[in-house]
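Letters A, B, C and D mark the chains as written, and numbering starts fresh at 1 in each.
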Amino acid sequence: MKTAAIIGSAGYTGQETLDRVLGHPGLSLLAAGSNTFAGQPGSVLDPRLDDSFTFVTNDEAAASGADVIFLCTGNEAAAAFQPPAGAVVIDLSGVHRLLDQTLAQRYYKLTPGAWSYGLPEISPATGPLIANPGCHATTAALALAPARGLTSKAVVDSKTGMTGAGRELKPTSHAGFVLENLSAYAVGSHRHAPEIEQTIGFPVAFVPHLLPVRRGVITTCYFEADADLRPLYESFYAGSKVVRLLPEGGIPELSRVQNTDAAEIGLFTDDATGMKIVICATDNLGKGAAGQAVQNANLALGLDETAGLRLKGVSV
Amino acid sequence: MKTAAIIGSAGYTGQETLDRVLGHPGLSLLAAGSNTFAGQPGSVLDPRLDDSFTFVTNDEAAASGADVIFLCTGNEAAAAFQPPAGAVVIDLSGVHRLLDQTLAQRYYKLTPGAWSYGLPEISPATGPLIANPGCHATTAALALAPARGLTSKAVVDSKTGMTGAGRELKPTSHAGFVLENLSAYAVGSHRHAPEIEQTIGFPVAFVPHLLPVRRGVITTCYFEADADLRPLYESFYAGSKVVRLLPEGGIPELSRVQNTDAAEIGLFTDDATGMKIVICATDNLGKGAAGQAVQNANLALGLDETAGLRLKGVSV
Amino acid sequence: MKTAAIIGSAGYTGQETLDRVLGHPGLSLLAAGSNTFAGQPGSVLDPRLDDSFTFVTNDEAAASGADVIFLCTGNEAAAAFQPPAGAVVIDLSGVHRLLDQTLAQRYYKLTPGAWSYGLPEISPATGPLIANPGCHATTAALALAPARGLTSKAVVDSKTGMTGAGRELKPTSHAGFVLENLSAYAVGSHRHAPEIEQTIGFPVAFVPHLLPVRRGVITTCYFEADADLRPLYESFYAGSKVVRLLPEGGIPELSRVQNTDAAEIGLFTDDATGMKIVICATDNLGKGAAGQAVQNANLALGLDETAGLRLKGVSV
Amino acid sequence: MKTAAIIGSAGYTGQETLDRVLGHPGLSLLAAGSNTFAGQPGSVLDPRLDDSFTFVTNDEAAASGADVIFLCTGNEAAAAFQPPAGAVVIDLSGVHRLLDQTLAQRYYKLTPGAWSYGLPEISPATGPLIANPGCHATTAALALAPARGLTSKAVVDSKTGMTGAGRELKPTSHAGFVLENLSAYAVGSHRHAPEIEQTIGFPVAFVPHLLPVRRGVITTCYFEADADLRPLYESFYAGSKVVRLLPEGGIPELSRVQNTDAAEIGLFTDDATGMKIVICATDNLGKGAAGQAVQNANLALGLDETAGLRLKGVSV
């Protein structure tokens, strides 16, 4: 049994990671850090938690000696975090995702260090300090990575549920703004675009939109390619327990990936232009955050890759 | 004062047209047709309607001698409709929109007749029998028409509210399917793609999605073009009371077009690829249906183009 | 033509009041106050506003000499506001609503002054300083006031849309909390309960809930009464242009009051217990806020009671 | 290992039951009936299902010899169903819920037979033919049963998500009707009112409302009682793994019961009237349908009461 500590347990990604750790057959919770709730029992965060553990400070969680540390904080705290020697650290924030020095400076005011980027199906992490991909970037990369070499660029129109933007209060997270709306943001200049390019190897025109749903990302990608995509994608995802390639005509649905750690992909060709269209759906808190974090931890700790993940079930 | 008749008053587009006719300074309601409610007072449809009129059959409405007939039925009934001599007819269904014989046969099993397509800002109708554009096609065409000549194709990622799909009951209109979802449909082969191409002059890779909102269309378009779009769009929409071109950086919002007959456009350039991104928002029942129908009627009847339209106000 | 000034134009109630003033046949906008936007043109708040006016500070708006001042601020600023001599002031905040000294102290830490409460259909204001009722209290009072004298108490189960809680950012206004939820709050102890009792004359067990909708209040009221309610309610609301009493069996719908200043009431008797059930629907920003504020202003200024109100139309 | 058959696997309750059976440690799926999909593999219903089973007709599923049959059909098919000798049958439809002859005739045109009503925490089933309670009735009964003997009647204001109304297409299930709405229905005369009374022993004034959410029921109950509810409820639900009584001040949240088979209850006293307020939340497809069906099956088959139920986790 390996041990886990969580830094920032009370945010959306922290709570979802806590949920997976508590149900994980190979991980036991050593320390749940929350500066807000330190010293208080688990039930203060959520009445579904009994009082079998007490929150500690984030510093205490970092120093707990856990085999894996899940860093579930905002960007600033993650940038300031000092990884303890010997631990696997999975950073769910954005700051360590860009490996190019110029881009890391431009988007996160940071010099990339010893971190590697871990998207297991495409670019598994290469060391113990692992930058966990963002939800838009994960979903777009899963849709496009098999097309590497076939095209020089793609359009990525991505839509995410509100938990994808964190528990922080912002005017754009106010329900009065979100309901009956679909709002594009950071049009043409989002820092997820270089993250996608870094993973798939070609540039994308990327527009993220906020959906009036709680959970789930749908990404619709368009590109030129002279190839039959299906055999390529089948081969790329052969044997994956996480990515489900739909049969001919199948359209990914949020309801089938919500509350799971799976991804669903559909392949199409446009009648009028001949362009390829690939649609991918994930749960922004599952494969787009905590699920992928646990998957990365499993790989780094030598556990079964999908242990503790939510990949079964056929809930409506 | 000109007179109006409505065929199919009880559907979404029929009721919205009725609403605009009742508030129109230059139109008076001569006949409200509804085979379901014929012989019953207006209040049977909606308690906000007093009993100042009684529904007639659709045939009676067609024969009422009105100056303009709004045809607010499904495709089948519209295809079978025989326009009375001398009347202006605005068809809000899809069947008369494709002017090319092959396409009209392929998508609607119909031979195009004497109908013309009326999108006033781009291709005003040229006769009294007017096919009113669809909501996706209107929104995409407004976003792309000024770019004609600059590009050879575009990606059109379009998202519409649920009233855009009509009051008919379908599995995909069930709220249990729609809520917490964003569903793509007819991927790569929607009949709105040729309608858009017919209006703007170049092909588009078009994917429509159903949003969990009641009203409103957001269309995000991507294309290659070596030009500064702003002066072109400013010139194209100069003087328009319907289309609002947002200043640099402005992102269209559904809340500002919902319950109106206006459109809102924002212009962007993508950092990574240099592609142009144009976002357009409309209300699928306003500029995307009944509002544009009244605008077409105004032009055909020699009334002020925007009489009776909802273009004012600053509601949150 | 009377003149109007708005204090706090950029909040939800401020913008809705601005919208009604700009379209009002008997009011002209003298000063739009906003400390955030002072010195900037109207379009900075919303691109639908042209630059025909420039925001001033709230102090400047207060000192503008307008015939009526709409106070659209939070509770603290409203409590500190010094009404200029001679002006009609409509306070849309909560602080001046409770006229009983003990209650005003308990809920708002305030000594009631010269303000009167203005709910035109039930208790019209009696002076120039007018406390505008809250959305829950308006909706409940419209449902229950005609039953005064018939019962000793009622249950009021009220549900409001998210714009009813203001543009302020709170954990409970985060869309990740609101979507797929219906959250009760302040159960059994909300300050709107005494406001309702003050208006209708008997106590209520009141539970407010937040709905995942943008606009609209639905209040379901239950009480014992040995009387046929219909003739009493018909008589109470005879001639009202604002309150629409539905015929037997009619159930109020949000869609028919959203974006309007009207209210809709349905009357029922419970089979099993014989209790009376009255359901009332309003728009929390219309009759529940800005619409009623303008109605109060019209009465205080001697204008037609419903001038500038949104009471027509049959939009879906 | 006991065996299970499902009649009507493709509806909401059928699919949720299938989901629980497939993950159940003590049940194996013997036959999945669906007249629509008979002869086709599981994946035709949902791509998450592999092809390890093939749908059979409902008649074949009924005759499969399974230890337990889950009847997941509409009311008509359930009324016509002939239970095979020796099997446990759990009927998730409404037809067998009312045990009084007059009420069964009035609401379902049926003579009650050998069926018993199974709400395990309150009135466990007494035979092998078990009527599974409705979602409104379950949630209300859990909120009110411990108060039996304390009061003579209650107000039950209940709100359910859209999957609570089944996959059948109705005007009131159209997303264009549901979104931005909260609609009361069957006001004062719903057949769930006698079902609640049958379970708790006193009458209720019951109004159901449709929420614009996918899953979840929130029921707010009001009644007079001279007693401290907390010790009574604590005692009533002591040891329950399904019902979670919240501590003082705790308000039930849909997010904590959605996608689970648990219930959450909060207790309050109203300041103004002294009335008791009890709020209960469940998932309409969990404790309100398939979860309770499996709980009933477990009890009838001598399995652990909560085997296969979803009662863990702390997902946001």
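As a working rule, a residue touches a chain if its C-beta (ideal position, glycine included) is under 8 Å from a C-beta of that chain, and two chains touch if they have at least 3 such contacts.
None of these values were measured; they are calculated from a predicted model.
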C-D or A-C, whichever has more C-beta pairs in contact: C-D
Count the residue numbers both subunit A and subunit D use at their shared interface, divide by all numbers used there, and answer same if that is over half, different if under half. same
From the mean C-alpha coordinate of subunit A to that of subunit D, what's the distance rounded to whole Å? 35
How many angstrom lie between the centres of subunit C and subunit D, each centre taken as the mean Cα position? 38
Subunit A to subunit C: how many Å between their CA centres? 43
Two or more other chains touching the same residue: where does that happen in subunit B? 12, 161, 163, 176-177, 179-180, 212-214, 316
In the complex of these two chains, what residues of subunit C are touching subunit B? 12, 15-16, 18-19, 22-23, 45-49, 163, 179-180, 244, 246-247, 250, 256, 259, 262, 264, 285, 312-316
Using the touch definition from the top, list the residues of subunit C that touch subunit D in their complex. 153, 155, 157, 159, 161, 176-177, 179-185, 187-189, 193-194, 197, 203-207, 209, 211-216, 218, 220, 222, 251-255, 258, 266, 268-273, 275, 277, 279, 316
Subunit B partner contacts - residues on subunit D that touch it in the complex: 12, 161-163, 165, 167, 169-171, 173-180, 212-214
